[in-house]
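The next part holds the structures, each set out as structure tokens.
There are two complexes below, and they share chain A, which is joined by chain B in the first and by chain C in the second.
Entry: the complex of A and B
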């Protein structure tokens, strides 16, 4: 800091604390609501301190024993679907992009730039703009209500391909030469040299893509019709269908907390890679 | 930039590219082409016959007051989300840049909303603002005598989705602004301070102009976010209501196509949206090229 100004220093802390409180308030409220019985929440104003029904609410949510007017599907199953979906999307995206970036950077073959542009253009076609036709393709392939249908259409990723391409371009050429002199083929080079060097990029992408996969909403909403294939993000919205007084808000909020936990844990504990990944993928 | 040293193989690059190419072919290009095709067709309500309709779907669309209204809601919504989100997170980033003690805690708390799914964010906000049981709605009524009801009042409904969308996006903007601020050379700030510029003046004459590439980039990103990623927020809070006042364009594609079964119109709307994404992306990349040279 250039100069010391006590008032400005205090102001900075005040603003940061206020900002933090406002940002954290919805999360705190959700946690408090998830620890009370449902009648206590429905009588406005609801209590502002945690109550004593933590275990009851969470186990009721996990096993699907809530009595709300909306959906009462077990959250345990939904969490599992979300986890599998998010992990398959993440690992799939990283693997597919690594391979195609490797091909684009280290080989010369016909139509190379055509493929490059084809991948680039997919940036401009988010699921939202091609809802119905994509749904039709997936249903024609018989992939509705399956993990394949939930994940494969989301696995192609232009951003990940570009990130790896950018990174591969910075890898010194001497490494390829050395590998070739030592008699290593392309796949050997890929596994033993390129992959270990890409660890940081992979970690960064893992965070971003895990959150992306976990938080998908519109696509699972279309691609699943049976309750046991709903990810938790879709499930929770169906839970609040009962209306303000019909909902068991304590169960809904317990579900919200559980739905937030895995991505929040990933972001907080992989913060360094997360920030790097965010800034790098947007370059 | 190209590699000088490469591997040579006639088949390996094709094998490596195959998964990506198959996926984008089947799930991106084919459906996008279908959307373009369907946008120029009319189907009867049972999907039994399809007729070529040329541009009549588009003509009907732009003659439809509901669609024009959704254009307007989308414009209001995305501008509010982008401007408010950017202003708030810029302010937080500036103060975070000054703070040394507790910086990690502040930063960690501020990035958590990024991890919250839009649908969950919607549920949290609708819970706080529910007219009958919401704490904030209750507080507004008790302390200011303000009757909050986003189910009846469209301004309230719009404010609610804007607030939830901004809340979720603050983390992202904040991180970019903080990275931008920290990359400004300290010597510039010091020189200005020696010349007698106070913090407020230094911000407007040095930091803010140097941040303008970041700000512009975030403006585009936030617009795209407001256009597409907020679908879940709206579906979990207002569902387009009251009436059609918070039906943004993406939500209308879904309503008309999935719920209403009007495939031609929905496809035409998809095509309009695609054009918007393309122009936003082009805008962004033109600017990125400029950023490299500044």
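Entry: the complex of A and C
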């Protein structure tokens, strides 16, 4: 069904280029805005070409010398908080869900299917639904304004558990039996056989969960009150003061651009693995 | 090397009155160094029996002993066995070398010895050039050899084979069969081999166990099983095309089936309701004498021989004819003579061999 016709090819490219422009234009504007002085951007026709204040703005944002009406917390610190949070959430989620899927698939214990369904049901409850009780628990445990408070409530993941469970179910039973005859205990089997086989799924989940962790907004907004524990996504919001106050939009935009970079880097570097993880499974 | 004794072994799934019993008390003594094949149709419990010897299935009742040690409660890895699976069960992410070495690595065998053992096994199986490849880069036959290599390096007391040839094509299967035979001659390890293929069973077995519906029908050498089948099931299962089985009534030299009467070439062990078993190769076409007449319904040319399908007194009957002889025509009625030394008699009720 693949036809090679010049007009079709041109049309396809036009559509793709248009689509790309629509997606990329706001990003470009953000970048342009982040390279000008704050007065230049607020003038009526906004400049469309990058200005000369790139280094100034970015270093001001990173070190927290913006001087705007909103928060002036250093973005360097926020990026660090975001990175730690996203990594802990990602690694924690993968570790916990690998182990729980392993237990669900390979061990027979009382109420096994009840546990599976309990996990499955939580899939239907987004963070927002249980956010108040979670907040109460975390605050009673004194975990507000800490990495523990930012990450632990987000680590349990029904989706990842479910994904690994489905993957483990496709691993042939004989492999388990061969390992038993070879004398591999359950954890040895998990470590030597199951984990290497799950490599691509783990990579795919890493990408998805890293972005999920990095982009957390609502929960950190509640769980942190001190500036030095803001993740960058929350930090951007705090930089923008309400009303007519003079916001340093150039600094805000520089922060936004920096906040976008790590997820983009993760996607670019892990793209090959990510696609592989979604498409094929090595069995 | 070791003997295996299987005593009154029962397997049931589930508990209490709802339990589903699939193996009903199997007994077998396998001597040191013997090659025993368990054969039977699918669902007869042959794999389950093997897996109980391996320790992959629990033994519900009875005992299994390897080298005199009861292994009912011993983990598979400590039974000193190695198993070759139908779908090879190689670890896909490990190289051939790692696959073969994995068991030894877990057993903490020194690395030099692992290398030496793997090299030796690879040499026997001609896998030397593949040691660094991954299983997915190998053909089915090569994978099968790696699976056997993995079994050999462990130097077990017992080899267990669970239909290892059924995923191979016909040519490779015959070749691998010979290799397994050669391997057994060289290593002399007690082996238990499960298959549904009677040719495999006949060619590999020193003794074979024929199973049906969770029961052992017969245990014996391939010759015994072929020449003196213990039950009508064995008679019908071993041999291709299967033995003709005709239920009828014996009265002295006469055997009547559906009102038609035939003269027996040799006397039956007793009068009454009996089943006559007659292999297709033990019947010949003879010039008409009217006693055993067969109406030809279909013909099959197999190369060296020809199969003639027809009806003898209402019962389906197959005759094997040398392909060099002129075949009868379909619809024609031919006369048969049964070899007097090759009549098998079974009790019509118990389906057990009579004399």
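Going forward, the second predicted complex is superposed on the first by the 263 of 283 C-alpha atoms of A that agree within 3 Å, B and C clash if a C-alpha of one lies under 4 Å from a C-alpha of the other, contacts with A are read in each partner's own complex, and residues count from 1 in each chain.
Convention: a contact is a pair of C-beta atoms (placed from the backbone, for glycine too) under 8 Å apart; a residue touches a chain by one contact, two chains touch by 3 or more.
This one's a predicted model, so the numbers in the text were calculated from it and none came from an experiment.
For the composite obtained by superposing both complexes on chain A, the positions of chain B and chain C are free of clash and fit together.
Look at A:129: by the touch rule set out above, it reaches chain B but stays clear of chain C.
Legend: residue contacts after superposition of the two complexes on their common chain; A:177 is shown touching both chain B and chain C. Contact with chain C, but none with chain B, is seen for A:192 once the two complexes are overlaid on the shared chain. A simple residue count on chain A separates chain B from chain C, and the partner touching more is B.
After superposing the two complexes on chain A, the angle subtended at the C-alpha centre of chain A by the centres of chain B and chain C comes to 90 degrees, rounded to the nearest 10. Of the two partner chains placed around the shared chain by superposition, neither chain B nor chain C is touched by A:241. Our summary of the superposed model lists a minimum C-alpha distance of 7 Å between chain B and chain C. Overlaid on A, the two complexes show chain B and chain C touching the same residues of chain A, namely 177, 180, 282-283. On chain A, the positions that touch chain C within their shared complex are 172, 174-175, 177-184, 188, 192-193, 196-197, 199, 282-283. The residues of chain A lying in touch with chain B in their complex are 1-3, 5, 8-9, 11-13, 15-17, 19-20, 23-27, 29-30, 33, 41-42, 44-46, 48, 95-97, 99-100, 102-109, 112, 115, 118-119, 122-126, 128-138, 152-153, 155-156, 161, 169, 173, 176-177, 180, 185-187, 189, 211, 214-215, 217-218, 221-222, 233-234, 236-237, 240, 244-245, 249, 252-253, 256, 259-260, 263-264, 266-268, 271, 274-275, 278-279, 282-283.
Residues 54-56, 75-78, 81-83, 85-93, 102-103, 106-107, 136, 150, 154 of chain C are the ones touching chain A in the complex. Looking at the complex, you find that chain B touches chain A at residues 1, 3-10, 12-14, 16-17, 19-21, 23-24, 26-32, 34-35, 38, 88, 91-92, 95-96, 98-102, 105-128, 130-135, 137-139, 142, 167, 170, 172, 175-176, 179, 186, 189-190, 193, 199, 217, 221, 228, 231-232, 235-236, 250, 253-254, 257-258, 263, 266-267, 270, 273-274, 277-278, 281, 288.
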